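In this document, chain identifiers A, B, C, D, E and F correspond to the written order of the chains, with residue numbering beginning at 1 in each.
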Amino acid sequence: MPIIQINLVEGRDDKVVSECVREVARTVSRTLDAPLASVRVMVNVIKPQFFAVGDVTKAESAAQKDKS
Amino acid sequence: MPIIQINLVEGRDDKVVSECVREVARTVSRTLDAPLASVRVMVNVIKPQFFAVGDVTKAESAAQKDKS
Amino acid sequence: MPIIQINLVEGRDDKVVSECVREVARTVSRTLDAPLASVRVMVNVIKPQFFAVGDVTKAESAAQKDKS
Amino acid sequence: MPIIQINLVEGRDDKVVSECVREVARTVSRTLDAPLASVRVMVNVIKPQFFAVGDVTKAESAAQKDKS
Amino acid sequence: MPIIQINLVEGRDDKVVSECVREVARTVSRTLDAPLASVRVMVNVIKPQFFAVGDVTKAESAAQKDKS
Amino acid sequence: MPIIQINLVEGRDDKVVSECVREVARTVSRTLDAPLASVRVMVNVIKPQFFAVGDVTKAESAAQKDKS
């Protein structure tokens, strides 16, 4: 019955994220010996200006990178 | 003080989801004997390609259904 | 596929909480027209000193009630 | 390593929310004596019709306010 | 910056769960091309009487299995 | 109506965590101009062997620190 929530900053290609979802389901099933069909994986996408590492949002760190 | 988070795959009519939110609040208040005004219910909507049962995303299972 | 997380302050009888879990599952299934077996409900129990309404924790408000 | 999730009803200016994210990171770092760079803060924005206080959604209470 | 929350029913050996945590971190890093050190994985353990599939808690389904 | 979830590794003194909860509530109220009484803050405590930075759990990094 494992239920996995993946929180990601917006910006990756949908196909890449879907592949991550599938692979995480398989990894959890394998390592926990849980039936694959019992695993649920869901992704929560977050706007870069609403995700901070320390007190710097992802939007700010991206803007700083562009300037450098 | 119960706080409820409902995670749903995108696609249902807003009115249906709002009714679910109201009914869940009443159910929680009744069964836990918690004042209705103290209950919080919130819904998190997830894109079908970002929600998987096992290693099959909802987008894929919907596409397979359309083909069959 | 609805997945519901209920956050509760510690202190209620397990049987009462289990009944709430079952009733919420039925309510969600009914209102969203989702198969009952597809619904997942889980409860997260929180210590009273780690749950605050405004800047008053549940442990503090309980202690104030005892004094009054 | 504190990881903070802030759930908000849609409607506030992005700049205001980003400032809240930064300030919460600083507050958590200060009060828990955790290195600022180790703190993660993320915001989850919820549609007003999908957030209820008791059995009244934010969309409904906003509509009632407009009428009064 | 991916942050992953794994919700599990109580009962597995800590070592098995820790291995799942490590493997999920590697899978997410690989599939999202995110630096491994930027990934956070955390596990939330739930009592069997507080986790339901449909309207049957894990405690009940375990008890029914014991009887059969 | 902001609802804040703080995820922390086990090990800090309850009083320190409660103070963090109160201060975060005040910070959110101030920066979002939300009534303090409308803010909810809750803490989720995670066992060190169930929290990983990259593929190293907090229990492992603590053990490595003790050895060095």
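Operating definition for what follows: a contact is a pair of C-beta atoms (placed from the backbone, for glycine too) under 8 Å apart; a residue touches a chain by one contact, two chains touch by 3 or more.
Here the structure is a predicted model, which is why all the values come from computation and not from measurement.
Following the contact convention of this document, A, F is the list of chains adjacent to both chain B and chain D.
The angle of the rotation carrying chain A onto chain E, fitted on C-alpha atoms and rounded to the nearest 5, is 180°. Annotation: the chain E:chain F pair of sequence copies touches via predominantly different residues, less than half of the used numbers being shared. Using the average of C-alpha coordinates as each chain's centre, A ends up farthest from chain C.
Distance from the centre of chain D peaks at E, each centre being the average of the chain's Cα atoms.
Note on chain placement: the centre of chain A and the centre of chain B lie 20 Å apart, centres being C-alpha means.
In terms of their C-alpha centroids, the spacing between chain B and chain C amounts to 16 Å. Distance between chain A and chain C, defined via averaged C-alpha coordinates, is recorded as 26 Å. In chain D, the residues that touch at least two other chains are 1, 3, 5, 7, 17, 23, 40, 42, 44, 51, 53.
Interface note: chains touch in the pairs A-B, A-C, A-D, A-E, B-C, B-D, B-F, C-E, C-F, D-E, D-F, E-F. In the complex of the two chains, the chain E residues touching chain D come out as 1, 3, 40, 42. Contact residues on chain B toward chain D in their complex (touch as defined above): 5, 14, 17-18, 21-23, 25-26, 29, 36-45.
Only residues 7, 44, 46-47, 49-57, 59 of chain B touch chain A when the two sit together in their complex.
Chain C meets chain B in the complex at residues 1-9, 12, 16-17, 19-20, 23-24, 27-28, 30-33, 51, 53, 58.
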